Amino acid sequence: MGESRNQLLLAGAALLLAIIIIGAAFFILGDRGEEGATATETGAREGAEAGETPAEEVETLVIGAPLSLSGKYAKEGEMSLMGALAVVNWINDQGGIKVGGKTYKLEFIFYDDESNPDRVVSLVEKLIAEDNVNFLLAPYSSGLTAKAAPIAEKYGAIMLSHGGASDKIFTQGYEFIVQILTPASRYFVSVLDMVKAIDPEAKTVAIVYKESEFARTVAEGAKSYAESLGFEVVYFKSYPADAQDLTPVLQPLKDINPDVLIGGGHFADGQLLARQLYELGIKPKLIGLLVAPAIPDFYDNLGEAAEGIVYPSQWEPKVKYSPDNVPEGYEWYGPTVEEFIQYFKEVARERGKGDIMPSYHAADAGAAILFLAKAIEKAGSLDPEKVREAMNDLALYTFYGKLKIDPETGLQVGHDMVVGQWQNGKKVIVWPREASEADPLYPLPGYSG
Amino acid sequence: MEVGQIFATILYGTLIGVIYGVATVGLNVIFGVLRIVNVGHGAFIMVGAYTTLVLYGSLGVPPPITIAASILLGAVLGLITYYLVIKHLVDAPELATLIATFAIGILLQETVKAIYGSDTRGFSWNLGFAEVLNVNIVYSRLAAALLGLLLLIALYALIYRTKLGLAMRAVVQDKEGAMVVGINVDRIYALSYTLGIMITVASGSVLAIYLQSGIHPYMGEIYTLKGFVIAVMGGLGSIIGAFVAGVLFGLFENASYLILSQIEGIQPLVLTRSIAFLLLLTILLLKPTGLFRR
Amino acid sequence: MTKQLLVVENLEAGYGEMQVLWGISLSVAERGISAVLGPNGAGKTTLLRAVAGIIRPWSGRITFSGEDVTLSPPHVKVGKGLVLVPEGRHLFPELSVEENLLLGAYTKLGRYNLEESLDLVYSVFPRLKERREQRAGTLSGGEQQMLAIGRALMARPTLLMLDEPSQGLAPKIAIEILDILQRLRGEWGLSILLVEQNIVKSLEIADYAYVIEQGRVVLEGEPEELSKKGDLIKAYLGI
Amino acid sequence: MGELLRVESVSKRFGGVVALDKVSFSVDEGELIAIIGPNGSGKTTLFNVINGILKPDEGRVYFLGRDITGLPPYARVRLGIARTFQVPRPWPGLSVLENIAIGALFGSGGRGLGVAEALSQARNIIRVVGLEGKAEVLAGQLTAPEKKLLELARAIAMKPRLLLLDEIVAGMSPKDADRVVDTVRKVRDEYGITVVSMVEHVMRVVARFAERVIVMHQGRILLEGSPHEVLRHPKVVEVYLGVAP
Amino acid sequence: MTVIDWFALRTSLKRAAPALALYTILLILYFAVPGKSQLIAQILFYAVLGQAFNIFMGMTGYVDFGYVAFLAAGAYGFSIAILLLSGVGGGWMFIPLGLLIAAIIAASLAGLVGAIALRLRGAYFAIATIGVNEGLRYLVEGLNILGGSIGLYIVKDMKELVGREGYQLAATTLADMLMFLLAGVAVLTTSLILSTRMGFALQAIREDEDAARALGINVTKYKIAAFMISGVLGGALGALNWALKGGVVEPAQVFLILYTVEAIVIVMLGGAGTLLGPIFGALIYIGLNFTSNVYIAPVLESAGIKATGLHLIILAPILLAVIIAAPQGLVGAIRSRAPSRLREIVV
């Protein structure tokens, strides 16, 4: 007994020692290796493809990202990764981007931040200082972004927020953080606009949301927007982050019987909310939920309970943004919607994900790469300050729709959200009218009035 | 306050309470016999929920039958983790078992994630409903609570009506006494731990049938926490205590919501959590052996 | 020479790094009563615990019915009929008297004779029958000791080991219990290894006695012999 | 020499078992008292009531005329009551020196005592009890008699007025036992500590050690007196041997 | 008692020296290795977390699963100080004032929780502390105080106080230097405790609480004192790492039990109750994590193996192996086998 214990101990100690040695080796060798590969001081590196195109000197521009590939944002992280890779591949297939006479192909480097702010900082520093990345996709969520921001700013790198819909982070005076998606406070704008337009009779709104930073920002934004449209918010309640049973908070709605119910939070609670609304027989004229209904398996998981539920979406595969309908003052750039989906599917297949469609998280990340690439071209330089300046004047129209930022804060002001709805087991875009595939199903089937 | 609202509070408080009870007894069986607090408890519940999800979702096995599969899977997982880990830690300091069971939990979560991904999933097993006092009585939830009750009765019968159960209770009361009457205490440890895991995994299936959504690799964590509260309420180690405390806890959660929701400017359902833990502290201080122990 | 049922040779054992038994040898004859006497801390309880398998012997040999059981776990030994009534009784306090007895019949042998054993135990200890539904923890000291012995009898032992059965009991009850032991030997054909502080009474019922001190046997012999020597009292009381 | 300790009709029961039944006695300063009685006679329970680990169901305990029945153990230690355990309970992961130093630091003389002084006092006491050379050894690695000596040393380091020794010589060879008894006497004479010891069987020790003997049986005090009277008393012999020889 | 106990001071310095030396090496590496300063800062964070946690768990044997609540209390305390100052001015005063308020809040929380929960033992204590942590989180969210679920954002206020550049410095190098300082304070506090009567008392409690009680040690007092010291250090750590360095204090993040668990892992890997243990624990934990995440995962990725989340699957069995094979941890294992002289150093 004692002897085998000692042997186990020895084995354990040896294992740990080996790990420390390997770690130390990586720690030291990691540096040297990267330094050897650095080609120019601008941060571009000689790519592997350099030899294949001898006619023109092609260099590599590295874009980096801490992505949440494990932990609570793992799903979003995986989609973002594939969306970013899809756009990077598209740009490279177009021959890369041209900056001041040189052509650059893009390379995308990423590490898993485990959805943990304490991991993010060292990864961002590694990306900037060792992998010589000057342009970053920001991590998911405001907590992670806030932690990464001082380091990014210290090294003067640009971060594009593709997953953080937070408003607050952009009021903190960061210079180099730029938002791609519509901020949380404006999530339900399109949904409420739609109700206002198709049913002037609708008066009462109930809001039920998950008590979290994102969902609460959405809920409060929706509340004030609804009131500005003349709705009466009759119910405003939240539930804790990992609630399992929402019955207490939902049952009163049966008596209140609001015209419109909006809210939700993320995947888990959104599904639960939809299911329990259905089970408890709460049927307002419209149910609009955050995030969860945008996921393809929402209907698989819920069946009939999903029917008729609408959701605000940053993007849908069936949006009709195309080079043919570029709005006034905007310029088209990037793949078409079909091309994006095709590139995305290819990446997904390579990563063993099978035949799946991109979610809006993928589109967010892809759009961020496009916005960045165009800004670099516009700036004609890899200097982050110049690129950041170029972004101020950029008005881009892409497969993702409009992109334009507030020069002061970096907050996204151009992008509009669409409204999707589950109809007969399929997601269809029902708003805005010019982008819609079908009329909204309104009021909800089963609405008793 | 509407009559329907109060009726809903009692009805659904009781139903979820039964589920809480089933989802806690496993913790109690293991603590009672081995004096080990299973910090990985929730992960085993998660495994049960996935069992139902996968068997019903992709193979169409009727959900009540998936509980049987969960019990089997629980037996396998229980035996593996017992002989690989727990067996070596039975006499180790409490700290070691707390950390070890936590590590087992992580391993389960990450394995399930590696196989099924981190998506939140659900399924639809709709049995319809009846409407009483403007409250929908959802049959699938009733069915889940009944199945949970059946599990509890089976466990009760096992512990209070069989020889194995008698031996388990004997070990709980006096380990050395159990040795001298010829009980193989090591074997009782293995069986009790496995039994605890079996009922825990099975409770995951029951939970899945009740909620039918929100199934993801990390879903169990909240049940570890609530399980602790309920286990302590009922007296760590007590089977009936866990059940009664589960029902009381479900009612308490729902009732405190009803009261808190009368107050303006706060978020009642979120606060019920705080109150639940406040309750835990109070019980620990006043009667750490649980509410129903002499 | 009568046949020896239990033979312990050069037994060494202890707790952690602390050695308590330093090579003890003793034996119990079939249908015999051997008594182990000695001052507190001499290692009597450790001896019985090691023989019963509750602690693992470090070295030495334990033979029971001609079979080597040195390292057998306690449940195996109980199954073979080697049963301990431990010091401090170790009853199941929350369980009823009858449940305690049923647990005594946990082994195959015990289960087979369950009904009969129960009747027998109740006939030996009628007080237990009266209190069959009562929780064991609420019994008086004497009744608890009866229950502990009754529980052990349920396993249908061939050798019963008792660790200070009269501890904390009124002298009358202590003597009553020791008398019962003698009766059991006669009626049930039990062999007994007795650790007892009531020297006179135990020497009265024993066929052979050992005096141990500091984990070693310092004196052994038949009771009359030992009593005559007078050494016993001296060794034991230190007078 | 005034009265140091007085126990007044203390009772304690566990479940159906009466461990102490209206026990009363008192101890004067400077006495060496042995409490004897067979296993299970209530001695340990009595000790636990005196040092505060157990609360009696009824009755009171006075120390230096003060009612200490409700005081927690550490407060009693401050007043000057120290004890040893029957099964020695040194802190196994700490060295012998550290074990004794903790006694010095937290005993009645420990207030304001620096760690350095505590350690040097501990070194002295190690010599007094004869554990020289073991100062740096972890207590868990000592032999059983050494652990007993360590317990004694730890208790002495606490500079108590009353020292309760629980079966201090059980399991020791006569030689070791004599050594311990001599040490205890020395401690009483040099430090003026009153000693109450419980001794189960080793009557030779009792005779050599005690000035007064209290005999317990069945949770009651059977009789008390000088060793000479008590050890020959037929009742005592009966208690121990079952019947009069 | 007013005289300085020179003996205790000297022994404690001797005890602290190896740990301080290790932190000095980390400090040198922080500046010497380009592009790894944040990795070192991360190791530092976990080392200090382990160090602070260890003062309580390592010395008393109690597991506080809700320990992260102290870090949260510190983060909130620091933020409150900044919000109080913003608009009033006060420039760099925000750091000392913030740390002061953080310490006060953490200490009060520890005192309160300690007075209640430390009457419990073992699993009951562990469970009660989880309750405290979760209860606090949902209290903040449910009552919608201190920013509710959105949390407190203080970057802008810090920029107003000390300017852009100042904030930049404060949130990066300065925060890390303060963390090094905190590491030193934690080590010295631990070694000082170990060398005084309090240390003796705590060790006695850990080894055998009942014996300690019987020997006259006021067990409750020392447990609460250790709990408070541990809590204050945790509060300062939370203030530095989350409020100053992170600039956002969000309940979902700062009450995350994962941090407690990580603290346990680090202390267990290194060895409970030792000074060097948490440093080695943090080195192993973060080293393993970073290596697998940054170096091994991409290699596997390019070989077509999706390897994210791998480190957790690796970490769990390693943790199990350590607990079964060497329950005293790495440093603890060395310590228990080492001759007494070495033991003093390794402590």
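The chains carry the letters A, B, C, D and E, assigned in the order they are written, with residues numbered from 1 in each.
Simple rule for what comes next: a contact is a pair of C-beta atoms (placed from the backbone, for glycine too) under 8 Å apart; a residue touches a chain by one contact, two chains touch by 3 or more.
Everything numeric in this text was worked out from a predicted model, so none of it was measured.
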For subunit D, the least number of touch steps when starting out from subunit A: 2
Averaged-CA centre spacing for the pair subunit E and subunit B, given as whole angstrom: 32
CA centroid of subunit B to CA centroid of subunit C, Å: 43
Shared interface positions of subunit A, touching two or more other chains: 70, 74, 211, 238, 240
Touching two or more other chains - residues of subunit D: none
Shared-contact residues (touching 2 or more other chains) in subunit E: 138, 141-142, 309, 312, 324
Touching pairs among all chains present in the structure: A-B, A-E, B-C, B-E, C-D, D-E
Touch list for subunit B against partner subunit E, complex: 31, 37, 85, 88-89, 92-96, 98-100, 102-104, 106-107, 110-111, 113-114, 225, 228-229, 232, 236, 265-268, 270-271, 273-274, 276-278, 280-281, 284-285, 288
Contact set on subunit E toward subunit A in their complex: 33-39, 41-42, 45, 138, 141-142, 148-151, 153, 155-156, 159, 164, 167-168, 171-172, 241-242, 245-248, 250, 252-253, 258, 283-284, 287-291, 293-295, 297-298, 304, 306, 308-309, 312, 318, 321-322, 324-326, 330, 333
In the complex, subunit A residues that touch subunit B: 70, 72, 74-75, 211, 237-240, 242-249, 251-252, 254-255, 267-269, 271-272, 274-275, 279-281, 292, 295, 297, 301-305
Contact set on subunit B toward subunit A in their complex: 2, 4-5, 8-9, 12, 16, 113, 117-124, 126, 129, 131, 134-136, 138, 140-141, 207, 211-214, 216, 218-219, 221-222, 253-254, 257-258, 261, 267-270, 272-273
In the complex with subunit C, residue positions of subunit B that touch it: 163, 166-167, 169-170, 173-174, 176-187
